[in-house]
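In this document, chain identifiers A, B, C, D and E correspond to the written order of the chains, with residue numbering beginning at 1 in each.
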Amino acid sequence: MVKLDSISKSFGGKPVVENVSLEVEAGERFTLLGRSGCGKTTLLRLIAGFETPDSGTISIAGQDVGSLPVEQRPVGMIFQNYALFPHMTIYDNIAVGPRIRKHSESEIAKRIDELLEITHLEALRDVYPGQISGGEAQRVALARAVINRPKILLLDEPLSALDLSLRQHLREELVEMQRALDITFLFVTHDQEEAMGLATRMGIMDNGCLQQVGTPPELYEKPQTAFIAEFLGEVNRLTGKVEQRSGNQITVSLASAGTFQCVSDLPGPENQNVTCYVRPEKLFFDTDRPQTEPVNVLQGTLLGIQFFGSHTRYQIELTDGQTLTLSIQHRKSRSLQYSIGDSVRVLFAVSDVFIPTKK
Amino acid sequence: MVKLDSISKSFGGKPVVENVSLEVEAGERFTLLGRSGCGKTTLLRLIAGFETPDSGTISIAGQDVGSLPVEQRPVGMIFQNYALFPHMTIYDNIAVGPRIRKHSESEIAKRIDELLEITHLEALRDVYPGQISGGEAQRVALARAVINRPKILLLDEPLSALDLSLRQHLREELVEMQRALDITFLFVTHDQEEAMGLATRMGIMDNGCLQQVGTPPELYEKPQTAFIAEFLGEVNRLTGKVEQRSGNQITVSLASAGTFQCVSDLPGPENQNVTCYVRPEKLFFDTDRPQTEPVNVLQGTLLGIQFFGSHTRYQIELTDGQTLTLSIQHRKSRSLQYSIGDSVRVLFAVSDVFIPTKK
Amino acid sequence: DSSPSGKTYLVATDATLVPMSFMSVGNDIIGFEPDFMRAIAKEAGINIRMINVEWAGLFGGLITEKFDMVISSVTVLEERKERMAFSEPYLKSGLALVVRKNEEDINSFEDVQKNKKLVGAQIGTTAYFLLERDADVRKKGYQMYGHAVADLINGEIDAVLGESTGTLFYKNQNKPLFNKIKMVGEIMTDEHYAIVFRKGDNDLLTQINSALQKVLADGTAARLHRKWDLGQAAQIPK
Amino acid sequence: MSLPTKKISNPQSWAWNLAVLMSFIFLVYLPAQEVFITKEQSGGYVELLSLLPSGVFYTLLVTLLGSASAIIVGLLVGLGKLSDNPLIRIPVSFYIEVLRGIPLLVLLFYIYYALGEFIHMPALVAAVAGFGFSYGAYMADVFRAGIEAIPKEQGEAARSLGMNEKQAMFQIILPQALRTIIPAIGNQTLGMLKDTSLVSVLAISDILRVGNEYATKHFNYFETYTYVALTYLLLTLLLSRGVQNLENRFRPA
Amino acid sequence: MSLPTKKISNPQSWAWNLAVLMSFIFLVYLPAQEVFITKEQSGGYVELLSLLPSGVFYTLLVTLLGSASAIIVGLLVGLGKLSDNPLIRIPVSFYIEVLRGIPLLVLLFYIYYALGEFIHMPALVAAVAGFGFSYGAYMADVFRAGIEAIPKEQGEAARSLGMNEKQAMFQIILPQALRTIIPAIGNQTLGMLKDTSLVSVLAISDILRVGNEYATKHFNYFETYTYVALTYLLLTLLLSRGVQNLENRFRPA
């Protein structure tokens, strides 16, 4: 639906988007995730036509849109604050697009009424944007954008101005609307949870570069770079030396803290320094039920316990000073009872350790 | 250390704090949690002396402070934005208190140097607040407040202005500092996770009333009111009719969606409507390993799947239209593979269902 | 309080009336009246300092003791006599009409009245009072006399009524500008100019009056009349 | 900087009410009490009361026309300042710098007496032109800032819905900008009402001029200027209430 | 409302540079070219150049003294406006309402001529008092707003560290408020520099007065007012650069 081919853009000599190629298919909810300032908004603005790429081509539904001005591109845009027009009623807001395109008022009314029904906004037809809630505003913005039947809808952090509970709710609503209206989403955010919760497919940007594209589980479980591993969800870092390797089976030594095994086709010599990752939810205490697969065992001291209702997080210090975080969801009544200062054994499956190989 | 006895306060006839009694012990990290506008800040300001209670007494370390002006109360205060004095160096900021108390400069210097060491701020001694990070600012605010040896430190949402990752980090740091300096904390926040993660004990406020006081697990697992159940962490609500009761064993009917059992000494007649709660992390799919305790089983349709990296959330619609959320942490490699629209069976232990009984 | 040797008397003048009283290039107050006043002071053996005051403030300032005398082409009027005291007149002059050179319709004040012409004058002066006396005259007041003449030349008004000496002086400057205007009709009124005092300041009044008589009599006044080219319209009293 | 520079008045305050009341009472009381005392001791308030209405008329006339011309100049110059074309933007900025650097009184003299040598115009026209040019340079900022205060997403949303730049400006941006522009224009007009006292030097018979003429004839400076000041005070206070109403009406919901 | 009301100048712009350059060039060029042409066609620029320095002196003197007195009035009135005591706050608010409602020119006449009947004062004193009272009412807002702009937590933090209210105000609040107050005072002074042209009606020999006297004598209005306007322009532009420097220096880090 949208195809970016080697797009680059700099502002005043500073590269903001670098050589990004990306294809978003029809019907996808594609999420672009990246830290503030990594160039996400700029990428959206390039697609919408508010900026012109320094190099590369953008095509939408097979058509090169490089020479089209904003108003002629088949894209819709949802802004962070929705940018509803405060001096127009909800109805008139939605009618802006078709009116500019000189559709007849009766036809416009028919389509708007349909849309108001789909978006559950019938009651707000003649109300002004100042009087509606954040969630309603989001639906109006959606209706206003989709009435023009854009080929793709660009959403620039539409949830980030809202508070947490509303955000979770609207996220689900957004998915529902996307299904109901059957449009393609390109969604931009800096919130990992939001990105993973929304996306059918996602890409991670850093410093203007698109680092990896895939489904959320692909990115979470097989991050190709250290950046992604650390950016997407929480992760423990273990830095040691490659002690031994046979095939892709690697033994890593943590000096005084012992050794552990992992599977990776890491290149390079033996004895090199290596940083390995394991997620907090993949760690177990000794007392947990035995694993059926090969596990690593490390010894440590319990430094801290934080209770978070649905789960508890434990800080464990290894004998070499590195710390691990272990997170346990309380699926059973809490029975585990370590206290701070206790010596504990931490287990994790060999297959749960990963080493990102790309730079 | 601090004892509030039936404190009430209203502004312009509107009650903001109503009949609050509370005791915070020496060395505690006591957290007050409540929604925005529930009167948390007002309560802190009453203790600090910025407001005068309409009725009730406040004593600190056994002394009634009702007649003391702000500057003579033995409390320290940390503001949301830390309120460092921008026109003074870090050193001078910390020195404000002792200088007003006319301590000698040499003595002040000695104590500040000690504090700077504990708070790892030695390098910032002569720097201005504009040039330091949020975390450093927090530590300066701490040092500035504790140098006066307050009996209690009041913290008004000191983390809410920071972004998420910094917040988590500073939360841990705050706990560490509290231990190192051995002071009593009274911490106010509207963030449930923060409250539970920080507190040794906590209280929950709503509409100016203190609803329940206890340790975080007590409040999470045995909430006395529906408000707390829904406010503290995520929860599923199941509304049905009491079909049968024997002792405290209750059978609840969900009409077309079947029945389930729970344990509660709920008063009132049979056939009354009742709302039961069960946490998302206490729900299992049929395919999960069998439980050793009595379980309920409900039938439903899978409505939505949201992947969040460390866990996945499933939306299940029961045949009577009520929905349940089920959350599973990915402790093992993900094997469960339902897809949207599938019919599923949801299991939960009878002991994991609760019914708050207080209003 | 009239110790002749010590005190310096402040004499106010509106230094925007050429050639009677105006500012020199060196930013001094010069003209017929400053010279005349200094001659009197010398004669009377007192110290004076001339100060420049906006016309509108001359009498108020005198009454409220901001200064002690005013010499600024002030015509002796009965209304003024009610509030202030006057010396013997030192000059008899008159008001005259000035119009643009190519003006054919105005040859006298009657023409102005008849043809409803627009006439300008400086406010607070006898010229303006004269215009005010006749409700039918279309008039326009200016803060400074020169502004009225400028407006006449620029074509906004049809005539200016004012102190005749100034106009003659301008003409004699021989600037191209002044070829655009002319004086018409006769000198319309007899105006007796005198030095103004606060009521009750009788010692000073007497002292100045006798000095004034001497300066008029010994020819100093006539010399200054020639020096500042006051023309026939203004006459030193006999 | 968000410090207020020259807000004239705070018409919702006690002080406003008090000031209006007092100025009104004095304006009525002073002439009224004269009727009961002998003419000789009179300060002339009755006469002033009969003279001032025509002064008030001219004061308001100059304010009204000056404001209108300032709005026109301001709109043109303000849009010019926002132009992408440097051939428009630079001269327009230059205009603003120059006009703001010259005192209004000097500008009035300049237009009437200096430019009067080339262009004949009645004093009223000169005054209106002076206010138009001078206040126009400030009004330009009102328009510019009003337009710039509209979040740029508004324009971009309009574009992405199919409007071209002009349509976005006139259908989306300007209508919203008027909410802040109109009260600001009111404030400028309030300032102008006071500055119209300067036209008294151009021989326009405004309030101050009428007062000056009366005072220089009757020497009752205290009474005259008291009455003149009270008249201005009442006018500005009342207009400030009008401006406040505008602000309230246009305050974002 | 955050719209700017009367910012005089934007000294970092091209337009500022251009305006300074042009006004300076003309101020030098106009007299210079006269030296090479016959006296008869002269507009008198050489003479004006010799007359104006004393006018500039008075203009700057009135600005300086007026500004100083306005700061004193402003500080007192501003603190009064913040007072908890209604016996202070209400009269002070009334003062502000009244002084802002009276045109500066009227106030100058009032002080010099009307009050002059009771209190004797030279024109310069009347002018300085007029600026002090009038601008003081605006400066009061500068102080008040500057103090109120400091987050109230600053004062509360000071209190909770052991300061009483007075210590908190003078050691914590005011020093911070000066960062915004000082540039704002600069801006007011810039406005005052232009408004000093009004003192010409009190026969203080400022720039405009000197020009008026010259012009009414030689009838070269165009040349005179051009030169006067250029002089004011250069002064305001230069002062505005100074104010800008203040703003830059005090801009929050």
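What we mean here is this: a contact is a pair of C-beta atoms (placed from the backbone, for glycine too) under 8 Å apart; a residue touches a chain by one contact, two chains touch by 3 or more.
What you see is a predicted model, and the numbers here were worked out from it, not measured in a lab.
Annotation: C-E is the more contact-rich of the chain pairs C-E and C-D, by number of C-beta pairs in contact.
Centroids built from CA atoms put subunit D at 37 Å from subunit C.
With each centre defined as the average position of its C-alpha atoms, the distance from subunit A to subunit D rounds to 55 Å.
Remark: subunit A and subunit C have CA centroids separated by 89 Å (rounded to whole angstrom). The residues of subunit E that reach two or more other chains are 113, 116-118, 201, 212, 215, 221, listed in rising order. Contacts with at least two other chains are made by no residue of subunit A. Counting partners per residue, subunit C has 56, 60, 63, 143, 147, 150, 153 as the residues that reach two or more other chains. The chain pairs satisfying the stated touch condition come to A-B, A-D, B-E, C-D, C-E, D-E. Only residues 47, 50-51, 54, 112-113, 116-118, 120-123, 201-203, 205, 210, 212-219, 221 of subunit E touch subunit C when the two sit together in their complex. Chain contact summary for the complex, subunit A toward subunit D: residues 48, 50, 69-73, 75-77, 79-81, 83-87, 96-97, 100-101, 128, 130-131, 144-145, 148.
Residues of subunit C that touch subunit D in their complex: 55-56, 59-60, 63, 79, 83, 120, 123-124, 128-129, 132, 140-143, 147-148, 150-151, 153-156. Of all the residues in subunit E, the ones that touch subunit B in their complex are 151, 153-154, 156-164, 167, 172, 175-176, 252-253.
Those residues of subunit E that touch subunit D in the complex are listed here as 1-10, 13-16, 18-19, 23, 90, 93-94, 96-98, 100-107, 109-110, 113-118, 138, 141-142, 145-146, 149, 180-181, 183-184, 187-188, 191, 194-198, 200-201, 208, 211-212, 215, 221-222, 224-226, 228-229, 232-234, 236-237, 240, 247.
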